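Below you'll find the structures, each written out as structure tokens.
Shared chain: chain A. Partners: chain B in the first complex, chain C in the second.
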Partner chain A sequence: MTVSAPESSAALVKPTAARSYRIWIYLAVLVIALSTTRIFTGADDITSSGTLRAAVIAAIPIALAGLGGLWSERAGVVNIGLEGMMILGTLGAGYFTYHYGVWVGLLGAAVFGAVGGALHALATVTFGVDHIVSGVAINIIALGVASFLAEALFTGLPGGGPTQSPSLDRPPTISVPGLSGWTESLEDKGWFLVSDLAALLNVVVSQLSLFTLVALVLIFGTGWLLWRTPFGLRLRSCGESPSAAETLGVNVYRYKFVAVTMSGALAGMGGAFLALVASSGYQNGQTGGRGYIGLAAMIFGNWRPTGLLTGSLIFGYTDAARLRSGGESVHALLLVLSVALLAIAVWQLIRGARLAAVLAAVVGGLGLTWYLRTDTIPGDFTQMTPYVMTLLVLALASQQLRMPAADGQRYRRGEAG
Partner chain B sequence: MRRLTKIAAASAVLALALTGCGNDETGSTTGSEDICEGSSGNGPKIGLAYDVGGRGDQSFNDSAYVGLKKAVDDLDASCKEVEAGTGENDADREERLRLLADAGFNPVVAVGFVYSPAVATVAAEYPDVNFGVVDGYATAIKEQKNVADLTFAENEGSFLVGVAAALKTEAKNVGFVGGVNGPLIQKFEAGFKAGVEAVDPKIEIQTQYLSQDDPQQGFENPAGGETAATGMYDNGADIVYHAAGKSGLGVFDAVEAAGEGYWAIGVDSDQYLTVDEAQKKHILTSMLKRIDTAVFEYAEAFDGGSAPSGFVTYDLKSGGVDYSTSGGFVDDITDQIDKYKDQIIAGEVKVPTAP
Partner chain C sequence: MTDTTTTAAAAVSVRGVGKRFPGVVANHDVTLEVRPGTVHALVGENGAGKSTLMKILYGVQKPDEGEILVGGETVHFSSPSDAIKHGIGMVFQHFQLADNLTVLENVVLGAEKLHGIGDAARTEIRRISDAYGFGLDPDELVEDLGVGERQRVEILKVLYRGAKIIILDEPTAVLVPQEVDALFENLRELKSQGNTLLFISHKLDEVRAIADDITVLRRGTTVTSVKPADVTQHQLAELMVGEELPSPSTAESTVTDREVLEVRDLQVDDAQGRTVLSDINLTIHAGEVLGIAGVEGNGQTELVEAVVGMVRPTRGVVELSDQDVTSWGTRQRRESGVGYIPEDRHRHGLLLDAPLWENRILGHQTRKPSVKGGWVDKAGARIDAQRIVHEYDVRTPGIDTTARALSGGNQQKFIVGREMSGDPKLLIASHPTRGVDVGAQAAIWDHIREARRRGLAVLLISADLDELIGLSDSLKVILRGRIVADYDPQTVTPQQLGAAMTGAKTAGEEA
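Up next, the complex of A and B:
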């Protein structure tokens, strides 16, 4: 990953119109590519509403963890403790949902996560502990605290045990009556492009969890709060140049503390989503590294809300595809990837970047050969798909990444020279 | 600042203390009934070491406990239970086994294949103590007189639920969700497939493993289990069998969401008895793995002076594996399933162990 020096003003102004316009073109190309592949290979599951719905459910916990990372790192604190805060969130969600219902459960998860975040803030902001050391410690502590509390809270409850909560109610879902049936029948037709778009629409209008809506509000709300308000400008200035912020009268410690605590709350809510929407209860070891993946999604997303959401969706989509019709879907995706790489090779050649063109052509050619010579992908490889896919996209997009200038650096009040 | 440092130090110590509790090695078993507390019989002194999850997991640890309870009731045994923590290594497990052996417990039963290397090591140090490993492979590491691996013919039990699935499917399409893709779970898959094919080779079988090598992703991942099973129901299956530990709870969530006419098949214990009320009407049957029988019979054999050694397989013939009938959903086909059962016991039908 190449991290360039801060482009002083560009990073602080809102995304230009041309940029958001480009996203829609990418999306359209992606849908057309997937639809063509579906018709061509007969791998119907790659754009089915079931896969897309599973992708959203897999993506949201990762996105919320990533959003937590965004808050923290925008204020200049690296947060590798997201995994631990997420674990605390799953436990909080399990306990409070069982006793008081899903909404209190979500709140409880946020509070539990925030406690982890506050601990991280205490260590890194107040005491100036190295961010990585504190984060790793929080991951270990959270694991221990969660398994201890789970045994204390859930043993003896009906259906519960020392390592799991009782089965819990799921948050309410909404369906738009007419539309959900209409899109479903349109999807079943299997038409080029029309059915794929119908499946996409079906995910929105049918069985949409209210927690998903909450998560989307949080993600886009963060974009507004951090980039369109004085509060956000001050918070981000703590991550770019805390000394400069200090000379302008910003209480840097307080902003960092708020940001890191909020970071924990968001990661905790990601845990709640995992325990309540993706599964139906708390379980030890449930997070399975999703906090770290959230961190990666945030970096890939260039420390921006829309970017991290895209990263999470890529990961969630490939994960859902491999878990559903494993070999077949991933086999079809291999074709998409190979063709995309060959297209990139041509584009790089036109730009004059010979080395990149040759590399992309070779990898794309190998992928295409593999695709043509096999009918399915063995399980060992399908399991890697989400990681490989995310890594590839990361590698292709990494030239433009720019982290907050003072991210991860120890800041002491009054050291500004 | 100094005060803050003190507070930080105190909270760090507290956190460490809590972490220690979470991983309590000799952990007191919680719960209202505790069979070992008051047991002081003259029979064998049984030491039982649980796998991660411990008693109350509604799965194989609990099943081992049932066997222990029976031993206390029927053999007048006394006992001690110890629990495992998360993230342990072989040295931790060895220490736990030595603890039991030093305290005079004999036989010592370890629950879960993870104990195999530890048992192979410790058994050599205590030649007078008998060790049994549920699902173990300690004999494969080192053959010893005082070590027995209590294994099961999961393929035979899976064959029977495969027969049940084949007789009950209307879509002519069934699914199998496995936890980790390795020899142990492949035994389930092979038996299930053979059972389905024995009834009707034209039935389509979808197979999905949640992970290739990571137990956490495979066995503790209900979200993944639900995604995989939902995919199978979406793709035309109406019955899904799982061998994925706690990830199977996600399979049950998926069948509930799929609605009327869809079924799931449980594993290890009779899962009809432990799932939610709303899910009960979807649990066709369960493949039973009688760990309680294994634990009890091992203790009984020891009590009779002839503790077995080497690989001991509990199969259909010995009642080590079976299928459940709770809920009454397979009542109309038990004749046919039992016919296959008799053929397997008689050796007329051979069930493969690898797909």
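Up next, the complex of A and C:
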């Protein structure tokens, strides 16, 4: 006899108009905070177009993996195998791009990822294997298969070796003539807010990879497909209440199968982005846990496309900040974070949540002390930034999240009623 | 005495249908004729095979033998969509709704081709809702709806698909009397418009009130078909169980003056800080049954959880035999003699996939005979599980069977048996006979009465007003988290209680 199971709270499940304009307010606050910090600390790189471009490039693979997770989990299958499917995607991208060019490479990555997804679907949907067990198995299998095939496919090619592919073509990029030069010069002025926004604009109008555009189309297209079409309604119903779906004549198995396979394809495309845009070819171990971070971004995003994109950008940004003048940038971000935590503490105190207020105040205070007593963050710590951020963000966000009701549960036909 | 109505084409006929599951025969040789445009009731005990038969009719499960005819034509359903195509719709006992989707989404799911998923569908849902007085808003989330409204969503789902034959699986099990009346109004309206209704129940008074024909199932097969006018409730019950109709009434009072449970000024707030229970004062003596009447969701759950120790009260005191136990945990309270029959046996009472003997240990994991010297005493637990199965007439192949394989009534009997073990001083019985058939109901009542005679104090929460009035020595009514009235079960009527429960107060004495 256990203590009562978690009850869903009704207040926070209406992510409609009210929520979408709140995002813009948060965004504005964030830009102002970063701009102020840049002026105050002189850490120019925290909003430079270079950092922001790197942030987008780091964010897109995470977002694609997260999008894969969204497809799968909206249909009720937990997909911890995203990492493995992503690995397969990097390999597919490496092989097909070398032989047939970047667009076939992207397709090949999707197909390789989809094979991993189909395997996961076969195990979890058809045979009812525990989702976590199957996903972890796929991660391990994918790692082995990828390094085996890499050795078989790339050894002996010019510039290739047993652990990496030859250097590959990059996907084409686009720039808006005129605008890109203008934003660049504006950014160089170093004005408060104006230059930061110019840097932001510069990322969009200059050297934008077509793969990034494809990814954005996929993310917003998914939002439309899953929330505005009968197909999407059926798919989501499999994640919310498969038995209800079955009693209404929805073929639950088929929808789950399609969703999980699609999930693998998207994760595979995330892998392609890693291999072709974020670096210049396939390498063993290239994913570095981004599949898991994608899963975290999806959870942070409350199982919604716009949310997971936001989450991915946060992770991408911290990743980029650590790479570009890491010690200094992360040091400046520490200030932002500490002040934000202190503000949260005050807000929680007003709401009467004393424990949360004290916790936020203590952590924020420690952060601020650390900031004031040092000039930079040691390299060992900047390495961890994206991961610490993952933990922190999830801890703060998890209070208000709602997963699909039947997510992760085994479903057998004929159990309805 | 099979009813031989010679209608040209019955809406549904079932001929010699059988269905076996591993180790159980759920249905054999089931024969049934449903005339079009009537309400046909199917009655039987839990585990008599009613639900299996309905699942076969709706295509959720395939029969092993026999044939089914719809409108005179032989049909083979391999999935619910086949049944839907033949105009059969089903309202399940456990609602088949996705909480996080809106009414609209729940209704159009699987039938998107009819009116799309946008405004056309919205208009159609409004039209049906208005035509039958359902009062549903297509854009509301299902999780924000009450039980009665959810059921209307289920019926709307069926109507939206244009079903002419509607199966209702124990539709009244979850409703309070007023909601049952409203449902019956809806059903009569449906019938008058030419629909055929198949109504499953084990509440015989309701069946006699609404049905045109009654078919009785016992132990997986159809026993007979009768007209409601031709049988009394008594005869119907005998057909169902083959024995006397039980009554919940207790004999002479056994109340003593020894206080077992005392609750003073109890207040409970939920996670959002809203007060869900306040100013609760009650005392239960040894040998006394205190009944709490109320519409579900008015604080009964919180009251029970506060007494059992599952939630911490914001204010107030809980005393067991003059000892303050407010700060005690659930285990400590149970060890000091509290038995608890939870309202949701699947969520709180049982490990569904564990065998019965392991379930015997639950809640007794520190006590004999399940435990010896800090280790689980498997032999002792098994012997005692066997005792419960025997004494409480739990129908099961054995104690190694998983709890899930038992029917609801037998699961409940097992829980009652377990909670009565180790001679508790106080029994908290939350809907002890919910979803349980007449036979098992009588057995559970007998056990509660017997324990009461031996000096057990009982806190009884129930939605069955006859059960409350029959078993209780005193009655309190709970509304919006407060005790609003006291009644003497000797004199009160179900109508008075119903009025006090819904706040439409008439002549109740204010507490």
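In the analysis below, the second predicted complex is superposed on the first by the 402 of 417 C-alpha atoms of A that agree within 3 Å, B and C clash if a C-alpha of one lies under 4 Å from a C-alpha of the other, contacts with A are read in each partner's own complex, and residues count from 1 in each chain.
By definition in this document, a residue touches a chain if its C-beta (ideal position, glycine included) is under 8 Å from a C-beta of that chain, and two chains touch if they have at least 3 such contacts.
Quick caveat, the model's predicted, so the values are computed rather than measured.
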Is A:T247 touching the first partner chain B, the second partner chain C, both, or neither of them? second
A:V363 contacts which: chain B (first), chain C (second), both, neither? neither
Chain B versus chain C as contact partner of A:A54, first or second or both or neither: first
After superposition on the shared chain, which partner residues are touched by A:V388: those of chain B (first), chain C (second), both, or neither? neither
Considering only the touch criterion stated at the top, classify A:S167 as touching first (chain B), second (chain C), both, or neither. first
Given the touch rule stated above, what does A:G281 touch, chain B (first), chain C (second), both, or neither? first
Chain A: partner with more touched residues, chain B or chain C: B
Which partner does A:G144 reach: the first (chain B), the second (chain C), both, or neither? first
If we count contacts the way the header does, which residues on chain A are in touch with chain B in the complex? 45, 48, 50-51, 54, 57-58, 119, 122-123, 126-127, 140-141, 143-148, 151, 155-156, 159, 161-164, 167, 274, 278-281, 283-286, 288, 319-320, 323-326, 379-380, 383
Residues of chain A defined as touching chain C within the complex: 1-5, 7-11, 13-14, 228-230, 233-234, 236-237, 240-241, 243-251, 402, 404-405, 414, 416-417
Give every residue of chain B touching chain A within the complex, in rising order. 4-5, 8, 11, 15-16, 18-23, 30-32, 52-58, 85-87, 181, 206, 208-212, 216-217, 220-224, 226-228, 230-232, 234-235, 246, 249-250, 253, 274-276
Parts of chain C lying in touch with chain A, wherever the complex brings them together: 51, 54-55, 58, 60-61, 79-81, 84, 90, 92-94, 96-101, 105-106, 108-113, 116-117, 141, 143-144, 157, 169, 271-272, 305, 310-311, 330, 340, 342, 347-349, 362-363
